[in-house]
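Each of the two complexes below includes chain A, the first together with chain B, the second together with chain C.
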Partner chain A sequence: MAKIKVDGKEMEAPAGASLLQALLDRGIFVPHFCYHPDLPVDGNCRQCLVELETPKGVAGVISCATRVAEGMVVRTQTPTMEKARRGVLEFLLVNHPVDCPVCDQAGECRLQQYYMTYGFHQSRVTVEKVHKNKTLRIGPRVILDQERCVLCSRCVRFTRHVTKTSELAIGGRGDHSFITTFPGQPLANKYSVCTVDVCPVGALTDLDFRFQCRVWFLKPTDTICHGCARGCNAVLDTYSHTTMDGLQGTAYRLRPRRNPEVNKSWMCDEGRLLYREVNENRLREPELRLEGGARPAAWEEALDSVVEKVKAAGPAAVAGLCSPDGTNEDLFLFRKLMVESVGTELVSAESWRQPGYEDDILLRADKHPNSLGAQFLGPWKGLQEILSGIESGRVQVLIVLHNDFLGMAGDGPAVRAKLNTLKTLVVLDSRRNPTVDAAHVVLPTGSFAEREGTYVNFQGRVQRAARAVLPRWGAKSETEILRGLAEKLGRPLEGLSNAMRIWEHLASSVPALAGITYQEIGKMGCWARGYGPAAATAAPAAAAAAQTKPVASS
Partner chain B sequence: MSETHTETVKEHAPASADSHPHGAAHGPASPGTDAGPGAGGLSLPERIYVVEVVRGLAITLGHLFRNLLFPGRFRTIQWPELPRPLPQRFRAKHRLNKWEDGHTKCTACMCCATACPAGCITIVAGEFSKPLVKVDAGVTKIIEKYPTLYDIDLLKCVYCGFCVEACPCDAIKMDTGKFPRAGYSREDFLWQNRFKDGLPTLERNAAEA
Partner chain C sequence: MPLIISANFGRPNSDTLAGYLANGGYEGLKKAFSLKPGQVMDEVKKSGLRGRGGAGFPTGVKWSFLDTKSGKPIYMCVNADESEPGTFKDRHIINRDPHLLLEGIAIACYAVGCRHAFIYIRGEFFKQAKILERAVAEAVAGNYLGERILGTEFSLKVVVHRGAGAYICGEETGLINSLEGNKGQPRIKPPFPAVSGLYGCPTVVNNVETLAAVPWILRNGGEAYAKIGTPKSTGTKMFCVSGPVRNPNWFEKDMGYPLRDLLNRDAGGMCEGLKLKACIPGGSSMPILTADEVEKANLDYESMNALGSFLGSGGIVAIPHTFSMVSLARNLASFYAHESCGQCTPCREGSGWVHRLLVAIEAGRGRPGDLELLHDLCNNMRAWATGPQPILKWIGKDEGLGGGKTICVFSDALAWPIQSYLVKFRSEFEEAIAKARPSVSVGQVVPGHAEQHSAGTRAGASVH
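Moving on, here comes the complex of A and B:
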């Protein structure tokens, strides 16, 4: 640590670190375009100027490329520096089209934000602005507007240093410079939309979000991507504004949230599209498909019919199936319902989802967000055990929570044939899928946006996803449904009324999560007991970690 | 309104202001200054009622005779057959402005919907198949965005004109001099606009004066 003096205040900062990052970490406003904490420093935008006392006198330096050293005296708010920044901003805006009203970045654009903070100059440009190409489709997911670009090269550096695919480059000279792709080499890597995130202006826009919604209509909620075992920290943007009331709660995009331990500032293109699960193909009301055809039902009636079937079959003839897609809280509650309220031991959390693409950036082959969490909450029975129970006629009622085992079964018809002898298949899910289609009782749950809970990623990081919207349409939260069933079965789940309460119970009964509180998890998550870099140095814990295997990759 | 009552109001109005020079004299200690002689603050002639009836009848009969004697200065407005002249800046039903070639000037920026206090504007944005190039005041504009749907629920609208103020493209105006009159359903008050590549494909003006 080095002692530095900023605007007359003494503070400590790590020696050798970027001065800009040190200032930003301490909440000091320094405008910047090209600097990004997860990309190499380039120092081309000249916007992060600060005043530095040197032996030769006071100098204006770019803080991103200046390293913190002992005894530095820095001033960020002097009139000279403000004038210098304003001058730089004016240069950046010389050829900018200023089409904010139609630009998707408006509202989260640095150029706009800085102009409204300290710019306020009248344009002194009397000649026609330099025109470049607009609406260039440079990849399957990204559109480039060369006129809006400030040439900060963040996107170029992203493709060079993170994905190492180097699709983007800067061509031309002077004010005719532009971002471009190489001929025949579109921006088509699996992380291409990250270039849109890093773009400080509206030069790169996401084709999926383009013109869909203005950002100021959206409410951000901290969530966790559930696309794979990485569990990227993400922000889900849902509609929340008084105008266009019918859109309330609609999800518009999923974008990364910085967490240096898990996903840095990145997220894969595939994961971003998962926001659609909130809007599309949703189950809107409970459905009964018992004797006499399918019909929608009220919640009370649907729950009553489940309880009736469970009671008629008897505890030994009931089985439960959840999956490593669920939150720790849901899995814990589901197991508790099955074991304590129903009285069966036949509960499985096996998923038949096939492993997918994996690389060394983010994507993991295991496509379940909570494999490790499910393992912590184990041991579980196998899915085959349930199926053979059904075949032998021992199991008559199967309750399924978020597990599309019919859709994922390689031999779908064979599994379906086994289900013929099953009297009642109860499915709790948010969207229509083959398992829901085969169900006798459908109980609609909320999507991931309507869920609150924790996931444990493949590294052993416990992360919390907040609820963005209340269960939409006629859906109910998993907690409410499971508690409702327990109550109707005559053995209510006492004291487990919400995710936080369930977590408290969970943290006191699962060794790997022992004593972890929501406060400790916070926004950035925390390591499960025996996991993480600190645990890796301790030999016994490392051995324990080495033994663990993700549930679903087997 | 009687003289007494007017006096009362005059005396009371400034008493609420702190700077009133006689404020101290009119304190709570002198309730007698309230000239209102009885319940509801009505004066004696008002309470007798007859005087007021006569005064009211005088106005009615005055109009009757004036209309009989001078039909040219008839005061009744035959609305809706004869529209009432509106002030120049009257905020009437909205209109979407067009370029000379018929393309809508609206770029679906949603500034109007954002500014709207009633939340009555619904816009769905679309993208031109080929960007529209326009030269406006010597500046070349390349326009990529247009509204595929632009609806205003005139039952929700409070005609405040904020949308006109907010519009950066001068696309929405409230200068039609028309306003919805009557309708048989809520849909009758929905002003609907549909566009394809910036050109109107439908405009539904129901229940309009």
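Moving on, here comes the complex of A and C:
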């Protein structure tokens, strides 16, 4: 740590760190465009100028490229520097079209924010602006407007240093410079939309989100992407304004939230589209498909019919199937319901989802968000054990929570044939899928946006996702459904009314989570016991062994 | 007055190895080999030789900054990207005495422990690149370059690399980026090239003329060199005089030579019927001198700074009384707006804005307030932050203090001349704005401007 003096105040900052980052971390805001904490410093926008005392006299320096050193004296608010920064801002606007009313970035544009905060000058531009290309589709997901671009090179550096695909480059010179792709090589990597996130202005826009909704109508909620075992920290934007009836609760986009331990500032293109699960293909009300055909049912009736079937079959003839897609809380509660309220030990969390694409940036082959959490909450029985129970006629009722095992079964028809002998298939899920279609009782749950809970990613990081919206249409939260069933079975799940309460119970029963409070997980997550960099240096072998264990196997 | 750089220029076959050897060539290298590398460096430090590219940094000191403890190879880049308007000294050195440069390179590399030197030559210097390539081949064949030079343990590979014709590649880190195959854009300093330059290795970048002075220093000793010129600006310097003078040419003069004498005596004075109005003293980037200031100016670093300008690259352009300063400013701004690499905001956007404003003023579309705007834009562009600021001599209240607006000083190279024209020849700009007619379209011939335009062509043509 080095002692530095900023605007007359003494403070400590890590020696060698970027001065700008040190100032930002200490609540001193200096406007900036090209600096990004997860990209190499380029120092081209010149917006972060501050005054520094040097042996040769007072000098303006860009704080992003200046390294913190002992005894440094910095001033951010002098008239000279304010004039300098206003000058830079004015230069950035010289050739900018100022088309904010039709620009999709309006509301989250740095140029706009800084102008309103620091500039607010009358335009002195009396000459023709430089014109460049607009609405260029530079990749399957990204649109480029060269006129709005401030040439901060963040997107170029992203493709060069993060994905190492280098699709983007700056062509031309001087004020005719422009961002471009190489002929025949579109911006088509698996993380291309990150360039839209890092773009401080409206030059790069996401084809999927473009013109869908003004950002000031959206409410951000901290969530965790459930697309793979990485568990990228994300923000889910949902419609929150009161003016447009029927749109409330609609999800519009999923974007990365910075967490240096997990995903830095990035997220894959595929994961971003998972917001659609909140809006599309949803189950809106309970359905009964018992004797006499399928029909919608009221919740009371649907729950009663499940309880009736369970009671009729007896505890030994009931099996439960959840999956590593669920939150720790849902898995814990589901297991408790099966074991304590129903009285069966035949509970599985095995998923048949096939491993997918993996790289060394973010994407993991394991496409379950909570494999490690499910493993912590085990041991579980195998799915095959349940299927043979069904085949032998021992199992008559199967309750499934978020596990589309029929959809994922490679030999679907064969598995389906085995189910013929099953008397009652109860499925709790949020969206229609092959397993839901085969169910006798369908209980619609909320999507990922409608539940609060924790996941443990492949690194052993325990992370919390907040609830963005209340369960939509006629859906209910998993907790409410499971607790309702327990109560009707005559063995209520006492004291497990919300995610925090459930966490307290489950954390005390799982060694890897022992003593971790819900508050401690916070927005950024925390390491499970025996995981994380500290544990890896202490006992690397043990941690590695724990991490490579197969997921919820029999 | 000895000729140090141009001694062989007029001699027969001066561009061949045989011609060079006939005039005592490569004796300096042999002398260097009889000394330890550190002694060679000391000799250059003693000479007081300062970089001839424009900045005037002491050469021996620059060499001593090289990080020799990193274990990485040390590279030398020879800056032959001579692009400063009004400057043509390096081109003549390469044309007429390429082995002088090669000998200088060999001595410098021996002094700093470099085994691999690159001559980065301006893309347009096609003929000069050929000359250099032939000279390198000759020198290798004669064992003045290559493996185990002259029987010593010292080996040196020299590569001639042609640039792609960007002015900014004359800036040392821009040169290094371009040499590496990247876009020619200056790098943020620190790290300085002496620590991390070409391929991340310690690198020294020297101008052609600087290195061409080194063989003489070795042959005659650093002290002999230091006796020439003024105490702080030692030795001789090549000056290039262009503009409507009777004898536009290069001249090698001792430092401290009066500018008045160079223009009137050596260059033969202004052409028939023309009077000197102003003079660009050291390449187009430098603040202009008025005719009165020319009378007082001596050609050395300190004297130039005392007048609020710089010696720069030694490209001297005489401006006649018939030539409009508005046109000159517009001409320069168009060059700098075209050559700005586009990396830093103030330079990228500012150079274009300044250019378009000057085009408007020249075309009779100026508006009241444009001059204040131009001046303020230049203030907002300047990068030079600390140390002596010679421009304070004439700029009045300096609102560009603080600097740091850009990575390199390219934007100063536009701001300095434009601001100096605005301050020193303000009435010409005010007249242009007062005469402004609102309805003149771009490209239309404005009466009274045709004359000035032809004067511009003349001044430009004599540069080449």
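The rule is short, and it goes like this: the second predicted complex is superposed on the first by the 541 of 554 C-alpha atoms of A that agree within 3 Å, B and C clash if a C-alpha of one lies under 4 Å from a C-alpha of the other, contacts with A are read in each partner's own complex, and residues count from 1 in each chain.
Here is the rule we go by: contacts are C-beta pairs under 8 Å (C-beta built on N, C-alpha and C of every residue); 3 or more make two chains touch, one makes a residue touch a chain.
Keep in mind that what you see is a predicted model, and the values were worked out from it rather than measured.
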Quick one: is A:Leu49 in contact with chain B, with chain C, with both, or with neither? Answer first, second, both or neither.
second
So, does A:Thr243 touch the first partner chain B, the second partner chain C, both, or neither?
first
Name the contact category of A:Asp437: first (chain B only), second (chain C only), both, or neither.
neither
Between chain B and chain C, whom does A:Leu92 touch in the aligned arrangement: first, second, both, or neither?
second
Winner on chain A touched-residue count between chain B and chain C: chain C
Check the residue A:Val61 against both partner chains and state whether it touches chain B (first), chain C (second), both, or neither.
second
Applying the touch criterion given at the start, work out whether A:Glu128 contacts chain B, chain C, both or neither, answering first, second, both or neither.
both
Of the partners chain B and chain C, which touch A:Leu151 in the superposed model: first, second, both, neither?
second
Contacts for A:Gln212 in the overlay, against chain B (first) and chain C (second): which applies, first, second, both or neither?
first
So which positions on chain A get touched by both chain B and chain C?
128
Footprint of chain C on chain A - complex, ascending
41-47, 49, 51, 54, 56-62, 65, 80-81, 83-84, 87-88, 90-92, 94-95, 124-128, 130, 150-151, 170, 172-177
Can you list the chain A residues touching chain B in their complex?
97, 99, 101-102, 106, 128, 131, 134-135, 210-212, 214, 216-217, 241-246
What does chain B use to touch chain A in their complex?
107-111, 113-114, 116, 119-123, 125-127, 131, 139-145, 168-169
Using the touch definition from the top, list the residues of chain C that touch chain A in their complex.
166, 183, 188, 337-346, 348-353, 356-357, 359-360, 367, 370, 373, 376, 379-380, 385-387, 399, 401-407
